[in-house]
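Here's the structure we're looking at; comments come further down.
The letters A, B, C and D name the chains in turn, as written, and every chain counts its residues from 1.
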Amino acid sequence: MTATLPMLENYPNPIELDRGKLAATIDALDDCAEACTACAEACLGEPDVAELTMCIRTNLDCADVCASAARVLTRWTGYDAAIGRAMLEACATACAVCAAECERHAAKHEHCRICAEACRSCEQSCRDLLATMV
Amino acid sequence: MTATLPMLENYPNPIELDRGKLAATIDALDDCAEACTACAEACLGEPDVAELTMCIRTNLDCADVCASAARVLTRWTGYDAAIGRAMLEACATACAVCAAECERHAAKHEHCRICAEACRSCEQSCRDLLATMV
Amino acid sequence: MTATLPMLENYPNPIELDRGKLAATIDALDDCAEACTACAEACLGEPDVAELTMCIRTNLDCADVCASAARVLTRWTGYDAAIGRAMLEACATACAVCAAECERHAAKHEHCRICAEACRSCEQSCRDLLATMV
Amino acid sequence: MTATLPMLENYPNPIELDRGKLAATIDALDDCAEACTACAEACLGEPDVAELTMCIRTNLDCADVCASAARVLTRWTGYDAAIGRAMLEACATACAVCAAECERHAAKHEHCRICAEACRSCEQSCRDLLATMV
């Protein structure tokens, strides 16, 4: 278990979102960023790396977007929802693009299959959280 | 002068955007991220830090969003505009929110005035680049 | 469970470190970075924020150092141990400094207590991994 | 000109380092991080990408280490030199490793030549700043 939810439960400020859902999304973003960084590294080691350059690019993009989104959401105290919302939208987009690219290589490379799963799961978390923000 | 434009000019892949404009936006993002990180630090050292907590939060958010956007744009080779576009939108939002907050303290704190300028300039660069993507 | 170990287990390249230990250290770094980002945010919301500025600074430093170390270690394929080793040293230092600062506020602020624990645990993981690199 | 020095000149806290040297190092780190991110992208677009995987890895490592070091140095207010010093050491190491790798491809790829220069220049800045910290 990560420290994310225990930390959020001890924020002095009110959070107008469900803390469990917020913590789950932050954890999904951190996990997806890590999986994408690892998938880029694994792709660099494959003999068919020349076929995987698009996959490496989207992995790196998705890792950067998810990592910064996790930080923005960790500072979510409701003061201004605009930045958090924009980052959740950007993440849902990045995860969808990266998952689609990884899925193309999933039959050949297990790391792409696992990474695609992490991206799909993170995309869903982002969309679920967005849906709770009216 | 930074290495950004000379690097972009030596990309082997075509870029469907104007390289000068793209390099200028990347530099604006890097400079804004740096200014926001510095403004957060300066705010932490002020005697009235308790009045500046919102400013510190938006500084940190804006720094994270701009830094990751700079990376995504640096990998812009047109393959899929969706992630880059989403990050430019997120940056324009973050810069606008951060500039507005810093401007509230600009008369009292010179670092907030300089940071607000960097944010406004970066916001404009992002919007200009978005406008060239039909 | 995170995707870190399953990803490492599917790297095509050999890794001369124990993959379980490496994955555990990467997870500890990601968790510590997240806890530190959250602790900085929580400190910003406390009525005694003026007493917590040093804690916020060390939290932000530790978060940045751990996040980049996690990425460097994820690309660990033994080609050149120098960067990974230097980052593990930097992390052990950052975690020790941040833990000591958070511990000063642990009796008053539960988020500082939890964050100090994450830092101590991460520091230990970094030192353990360094010890396996002869 | 970047906003880095004007920002440092308006920090309310004393800095026991020369502000001009500190600002120059921070700018060198930001520029090196950007050049390395761009070099990785350019390498991914080259027909001989399979020969450049080590270069891409070191580029990504160097970019991450320099970016986090720039942030840590931006928060340099002398409270505890240990983290900043460790990150300067890690950066000098990462820049040296990345420069050496890029120099191997400099005759063939202009982006590697420019990137190697940015790394060497950043390495020197880090070492110069370290030398002023007794």
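Keep this in mind: a residue touches a chain if its C-beta (ideal position, glycine included) is under 8 Å from a C-beta of that chain, and two chains touch if they have at least 3 such contacts.
This structure is a prediction, so every number in the text was calculated from the model and none was measured.
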Chain labels contacting subunit A and also subunit D: B, C
Chain separated most widely from subunit B, comparing mean CA positions: C
Winner on C-beta contact pairs when B-C is weighed against B-D: B-D
Distance from subunit D to subunit B - Cα centre to Cα centre, in angstrom: 19
Subunit B and subunit C: spacing of chain centres that average the CA atoms, whole Å: 27
Per-residue multi-chain contacts in subunit C, two or more chains: 41, 45, 57, 60, 67, 71, 75, 77
Contact set on subunit C toward subunit A in their complex: 2-4, 6-8, 10-13, 26, 30-31, 34-35, 37-39, 41-42, 45-47, 63, 67, 70-71, 74-75, 77, 109-111, 114-115, 117-118
Residues of subunit A defined as touching subunit D within the complex: 40-41, 44-45, 49-50, 53, 56-57, 60
Complex contact set, residues of subunit C against subunit D: 54, 57-58, 60-62, 64-65, 67-68, 71-72, 75, 77, 79-80, 82-83, 86-87, 89-90, 93-94, 97
